[in-house]
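Per-chain numbering from 1; labels A, B, C, D, E and F assigned in written order.
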Amino acid sequence: MPLFDKPLPELHEYRPERSEPADFDLFWRDTLAKAETDPLEPAFVRYDAGLSTVEVWDVRFTGFGGHRIAGWFLAPREVAGPLPTVVQYLGYQGGRNWPIDWLVYPAAGYAVLVMDTRGQGTDTADPDPGANPQVPGFLTRGLVDRDSYYYRRVFTDAVRAVDAARTHPIADPARIVVAGGSQGGGIAQAVAGLRTDVAAALIDVPFLTHFRRAAEMVDKTGYGEIADYLARRRVPPEDVFGVLDYFDGVNLAARATAPARYSVALMDAVCPPSTVFAAYNHYRGPAEIDVWPYNGHEGGAQVQRMRQLRWLGETL
Amino acid sequence: MPLFDKPLPELHEYRPERSEPADFDLFWRDTLAKAETDPLEPAFVRYDAGLSTVEVWDVRFTGFGGHRIAGWFLAPREVAGPLPTVVQYLGYQGGRNWPIDWLVYPAAGYAVLVMDTRGQGTDTADPDPGANPQVPGFLTRGLVDRDSYYYRRVFTDAVRAVDAARTHPIADPARIVVAGGSQGGGIAQAVAGLRTDVAAALIDVPFLTHFRRAAEMVDKTGYGEIADYLARRRVPPEDVFGVLDYFDGVNLAARATAPARYSVALMDAVCPPSTVFAAYNHYRGPAEIDVWPYNGHEGGAQVQRMRQLRWLGETL
Amino acid sequence: MPLFDKPLPELHEYRPERSEPADFDLFWRDTLAKAETDPLEPAFVRYDAGLSTVEVWDVRFTGFGGHRIAGWFLAPREVAGPLPTVVQYLGYQGGRNWPIDWLVYPAAGYAVLVMDTRGQGTDTADPDPGANPQVPGFLTRGLVDRDSYYYRRVFTDAVRAVDAARTHPIADPARIVVAGGSQGGGIAQAVAGLRTDVAAALIDVPFLTHFRRAAEMVDKTGYGEIADYLARRRVPPEDVFGVLDYFDGVNLAARATAPARYSVALMDAVCPPSTVFAAYNHYRGPAEIDVWPYNGHEGGAQVQRMRQLRWLGETL
Amino acid sequence: MPLFDKPLPELHEYRPERSEPADFDLFWRDTLAKAETDPLEPAFVRYDAGLSTVEVWDVRFTGFGGHRIAGWFLAPREVAGPLPTVVQYLGYQGGRNWPIDWLVYPAAGYAVLVMDTRGQGTDTADPDPGANPQVPGFLTRGLVDRDSYYYRRVFTDAVRAVDAARTHPIADPARIVVAGGSQGGGIAQAVAGLRTDVAAALIDVPFLTHFRRAAEMVDKTGYGEIADYLARRRVPPEDVFGVLDYFDGVNLAARATAPARYSVALMDAVCPPSTVFAAYNHYRGPAEIDVWPYNGHEGGAQVQRMRQLRWLGETL
Amino acid sequence: MPLFDKPLPELHEYRPERSEPADFDLFWRDTLAKAETDPLEPAFVRYDAGLSTVEVWDVRFTGFGGHRIAGWFLAPREVAGPLPTVVQYLGYQGGRNWPIDWLVYPAAGYAVLVMDTRGQGTDTADPDPGANPQVPGFLTRGLVDRDSYYYRRVFTDAVRAVDAARTHPIADPARIVVAGGSQGGGIAQAVAGLRTDVAAALIDVPFLTHFRRAAEMVDKTGYGEIADYLARRRVPPEDVFGVLDYFDGVNLAARATAPARYSVALMDAVCPPSTVFAAYNHYRGPAEIDVWPYNGHEGGAQVQRMRQLRWLGETL
Amino acid sequence: MPLFDKPLPELHEYRPERSEPADFDLFWRDTLAKAETDPLEPAFVRYDAGLSTVEVWDVRFTGFGGHRIAGWFLAPREVAGPLPTVVQYLGYQGGRNWPIDWLVYPAAGYAVLVMDTRGQGTDTADPDPGANPQVPGFLTRGLVDRDSYYYRRVFTDAVRAVDAARTHPIADPARIVVAGGSQGGGIAQAVAGLRTDVAAALIDVPFLTHFRRAAEMVDKTGYGEIADYLARRRVPPEDVFGVLDYFDGVNLAARATAPARYSVALMDAVCPPSTVFAAYNHYRGPAEIDVWPYNGHEGGAQVQRMRQLRWLGETL
């Protein structure tokens, strides 16, 4: 993909007006309050992954609607806590996979809780997705009102994953980091916007951000599902975008106060750079951004990972 | 797509051994018996589609699990019944759309009930698809055991759609025809196999048939979802195919007794001809097949439609 | 296809200067006058399409050059005329197909004459296309001068199709509607511009419109044939566009006076929205336009059809 | 394209039964006899191509139906004739282009007449292609009976091109070679089968050969047009193949007596190797074949050209 | 990719005759003997990768031709050696990347040396690739004789990487494992065939194996480069395959004695299953194979990794 | 490819500021001076290409680094010299091929020396490309500093090819023309900029020009290799572009004084028109440009060739 979005200097200034419902905060306060009425019941069961220097637990906790959410918890073995702990959210259509996929943070001296994404994940169902016929994928699941929308459930799970991480004895509750790339970046950004007690946020090439613009720019899996849904069902676009506004990363970033490290790739046709900058430029707390000028959606990959480790060392 | 499957003479002889669970009939007897405990409650509400020669009703009835299923019912206006009535099932990812999509049967003097497909349809949700994380699409939804599998719900809806059609005053209950192409053909074939009282079956390029072979031949949306699911989740293939056997068109065709008119296209890469012939050659009742040697999945299209009208005229 | 053309507000104002030959009207007056010297000889032969509520005729009439043009004529059975009658033109590479493809208007109480497109149609040859070696397709057939250009023949056929429709006893000559989508929309638009006696025009995502801009924006079958032809034959572009100007929908729309209902799709990469708005904004008579913001060339499809039925009811 | 056709040893033995109409020879005798009633009227007009060592003539002669066919004639300047002369036929969708495209034979001491292909060529129209609506391309043009089929006209043009070449004072009438690749190879093969007085034939990766098998193997432009036509028009395949039999290279090769040098490429997905071998193995005269095992439709290209020059030197 | 190669039962029996040069062993003995005349000079420099539980060294050692080869060496921190040590080879077009890419073995209690692949790697040049103009990629680099062929250099580097690993104080020289997937699998297989002192081999979906068959089956990057090279350069195929025989995994596997764990994917279009089984079935030492029936070239991925850890635990 | 770059009027004015290193001239003076220390040793060996009107020599001469570079030399037979002589450079991934590929200039009365491109050519190796692991292709070979960059070697070869041509007895040293298209156009442009004694330059759709813009516009083979390299290796972009500046056609054109004939194609997605105009508008000597508005990278092809012959006749 060649360069296709705004030039970098314009991106740095791109701070579009937010399309934010009046009762945005109320909606989320109610949603999270209701979720808290279900007991969290975190369960950490030791799991033999054949690893000698890392300890692994299979995790379950209660997310949205009383549904049980799966995850992994890994920590360096024989290290006395409390440890700073990363809550890791996942890319689109991915799942928690296997413990050996999540060794970077333990190797660097952190604990990590990896949250499976309901429906798309490895071991976590999405028990109530039936509100509407939808385009394949998850972006239009339940997209008939804000209450039934899929990401209401996911973001709530994600908020509670932080609570779950905190209950582990090795985790330092004052040093919880949220992290992820693509969909995972969008979720981390949402959690940073929905709670005030995370210590840092690592947000790479975030998805679920600036939906109105993204739906006009992307025609592939991901944002393209929105246009596909509108093309097929021919409902008034505002019926759709009016719901998405409650979940838009731009609005969530505008509420986030934790120090954040973003990354963006200028040739990213999946999460176009202007959508990322729209949120970054609205981010309320202190934030930095790494720009990858010739990369696509892979973004900074492992090099970004190394920068994040250094930055976390300085920030926490 | 060039010719890629067995040569036509071999197809005519292709009658693979059926992979049929011992309790196949029991499973379906129980499933349908349980569904009948929910009252059907068919509702036909007149709908103004701006048509002067065709009468239209918006339909609702109770399908699997007590869920309400949508549909259209059309009949020629000012024709005294009872009329032979076609129950029409739909292709993959399609829905009941609009009444003007379904004018052929009324123009030919039939009534038609078009059943929306849950989840993928226009107006019908699939309220309980959450049993497993799945590949986008519907073929692997609930594919963890026979009870939670998506097509258990769909086939049950389809069986009950026949009951619903019968309750309409204009329909002749002795002349109910099941019909469809692709997924709709697979559903019509299933209903023909699950009830003994349909008068005829029109089965075009049926999907959901001979899964074990299809999963090795097709890598696109549709059958390709099975291999995709196995590739990602790495469960033992038999865990998947052992469930699919309960829904395989080959096993269902072997029970169907209504006169059937099949069609197949030899360059059909979506529903390969050998999978269609596998069911056709096992079909228990009288059956004929139209072979389209140079067509793909579009099959005989409108020409097939005209042949079917003629054949229905002779058969009913 | 993501959004790729001008933003909607600019489209509503996009009224490019017309590139119109001085003798445009003379050319068409002469062309049509000459065509009228061939007797129309409309022939309507009853056709058994197996339909009980619709009457069908196989149609032939004389178009350009004395060539016989095929069509279907359908009307609701047992309805006393005179009926408003739609003359339906067809999309690129399509043909009149079969009567069961054209049931919407009869079901809504209209008669319809479907005109086969010469050369590309089902049953109508284009007996004199040999003036030049051409790119496959029809857009460059005869594109050496205005007299030999393919669409001179097609537009003349289309004008005479209106005459043919009028000769049918059931048709109300005062209520002839021209209609079509894509190429059919371009032809309907041309007929609306070439005769003053049509009662309404339904013009969906019209092709054959604003050639000069389209040839720079589209590289696929359709408009792309023009650039392909110029790329291969390397004639001066003005030799080609100077001919196309006589057939450009922008110039034809500027002469049309019948009430018109247009539609356009903002993600339509086949007939880009700016080419449609260029004609719409020049349309001389009263006109409205339906904008489909997230659709491609399929445009409004059946929903547009329903809107048109309502609008025709109000307009005729 | 990986290897996809029969293995080479089987290809060498592949001599399928010919599907040959009883009146094949009569059809061609009549066709050519009728063509001869039009005077050939060859015209050679000197053309300034800016070349100092090659002399160039713009050629016209009468082909099928009295139509004038264009060509180039090139000969080395200042060489006393008579010279052996190659009649060169062209690939699909190509044309005679420019004299500088045809310098190999003059550089090697031969004269060459390059025949434009009607309709697809640079300067030659196909004045009567209108017998049927067709698939874009030329393979189904006029494919309703043997008399109106496009290649009846082309092969007749090609036979007369040999006559035209002979009338040039520099050409040695006893040493006329027919040559071409792909469509040009199919035409050269046809001419070798239709006249007994050519001195040699160079037939590279010939098209228009073994249609029945080719139509099942190829889905791209070229042979793919046949299946596309059958898929759209749904006529009985025998109506189409029964016509094509009169033009099939297998039947024409079986009549050819001139020494021939074939070439074939085993990864050629446009003209599959089995279709080439089918003709080669039926070739009646002495013939050799160069096999390019890892090439696609480009075949032996310039290396084949050099081999041919050597072989012509030995053969003529 | 659907199933495209031989059926699994045939694959288990597929043991094609080896195309093995008479002086195969001599060639490799000489090649390796010559390489040993260059001092190995292994250098391990501590590298700060920000990891607290894993120790990292940047590695250099002398490979083929005296060239310095880069790598990483990782071991669990604060574990007393000697440790079993995996020498990891890399996939095509990949490189050693960053230490955080190689955490699985240290987490499982092994040391690992990751060898950069010359030319394609991250930090290792291929100083003498200039013997021939080649197709982009590496498969045809130097493919003019066995001495200049690229993989002669790579396999020699790989053999010496084992020596380098052994010099590290933490490595247990009696427990060196070679491992890799795709190209890395092909290299590991080669090293297993070229030295008798490795303790185990992990060979996933190996590349560089059964070239003669692969070149006919694959047309993409990788094996496709061979056909591409033959297609362009038109040398006698035996000139190419006669060289490749010295590097063919089938011949190398036939010499390997270490216990091996293979894996293969039946829908792998990059390294087709028959090419993998050809080597596996010729493997001289004890070997097992994991078959992934519905996967492509990704093979068993992390699940295979976990099986290998278990197997190594039992085998070493 | 539709129109995608700046509009033509802007292109005619597009003269971006040059990104030119201060020691640009020094770098090239040193490079060429050093090359001249290797004796040229041109060798012309008569080659039997089977041509009777053209004489052919196989050429070798010393290029960069003492490496021997291959070529062909062709001249009309039996013409007394001295003749104007074209030095022809080649497109990307091509080679000198065979003498029969290069007949246009001899037919027009010129001699021609065709220079093989090292590494990618037919018979010329690039003996020292090993400075860095690179992306497949040639654009990033040695792209670590200006001294090791691949095109330093190629441009030097090309400069010396002019010297080699001059040593042939038939060549007129005062009338040496440099010529080429795409990469060949970029090389011809470079030679025109690096020496003051060429008589004319034919530069078609030149590659290797305005790298900084091209790398943002093109994602395919060619310029796309730069972004691919930056994406994979993640070095600071300036490290790469700072080297490329020494080889940029814009800077070289600004030094060229020979009369030049450029061509450009406005739909050329391989060498976008703005990159060509950037150099053309900076060209120091007299220059004209042919604009092909509807062509892609094939540009003017043979028609351009004919124009060039005419122009050369007037210019030399």
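The working rule: a residue touches a chain if its C-beta (ideal position, glycine included) is under 8 Å from a C-beta of that chain, and two chains touch if they have at least 3 such contacts.
Everything quoted here is computed from the prediction, not taken from an experiment.
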**Request:** Starting at chain B, find the fewest moves between touching chains needed to arrive at chain E.
**Result:** 1
**Request:** Using the touch definition from the top, list the chains contacting both chain B and chain C.
**Result:** A, D
**Request:** Any chance you could name the chains that touch chain C and chain E both?
**Result:** A, B, D, F
**Asked** Taking each chain's centre as the mean of its CA atoms, how far is chain D from chain F in angstrom?
**Response** 38
**Asked** If you average the CA atoms of chain B and of chain D, how far apart do the two points sit, in angstrom?
**Response** 50
**Message:** Could you work out how far the Cα centre of chain C sits from that of chain D, in whole Å?
**Reply:** 40
**Fill in**
So chain F residues touching two or more other chains come to 303
**Asked** Think of each chain as a node with edges to the chains it touches; is that a line, ring, star, complete or other?
**Response** other
**All touching chain pairs, where touch follows the definition stated at the start** = A-B, A-C, A-E, A-F, B-C, B-D, B-E, C-D, C-F, D-E, D-F, E-F
**Complex interface listing, chain A residues touching chain F** = 1-3, 267, 292-296, 298, 300, 303
**Prompt:** Considering the complex alone, what residue numbers of chain F touch chain D?
**Reply:** 49-54, 76-77, 79, 97-98, 100-101, 103-104, 106-109, 302-303, 305-306, 309-310, 313
**Message:** Considering only the defined contacts, which chain F positions touch chain E in the complex?
**Reply:** 93, 95, 118-134, 136-137, 233
**Request:** Would you tell me which residues of chain E are touching chain D in their complex?
**Result:** 215-219, 226-227, 230-231, 234, 237
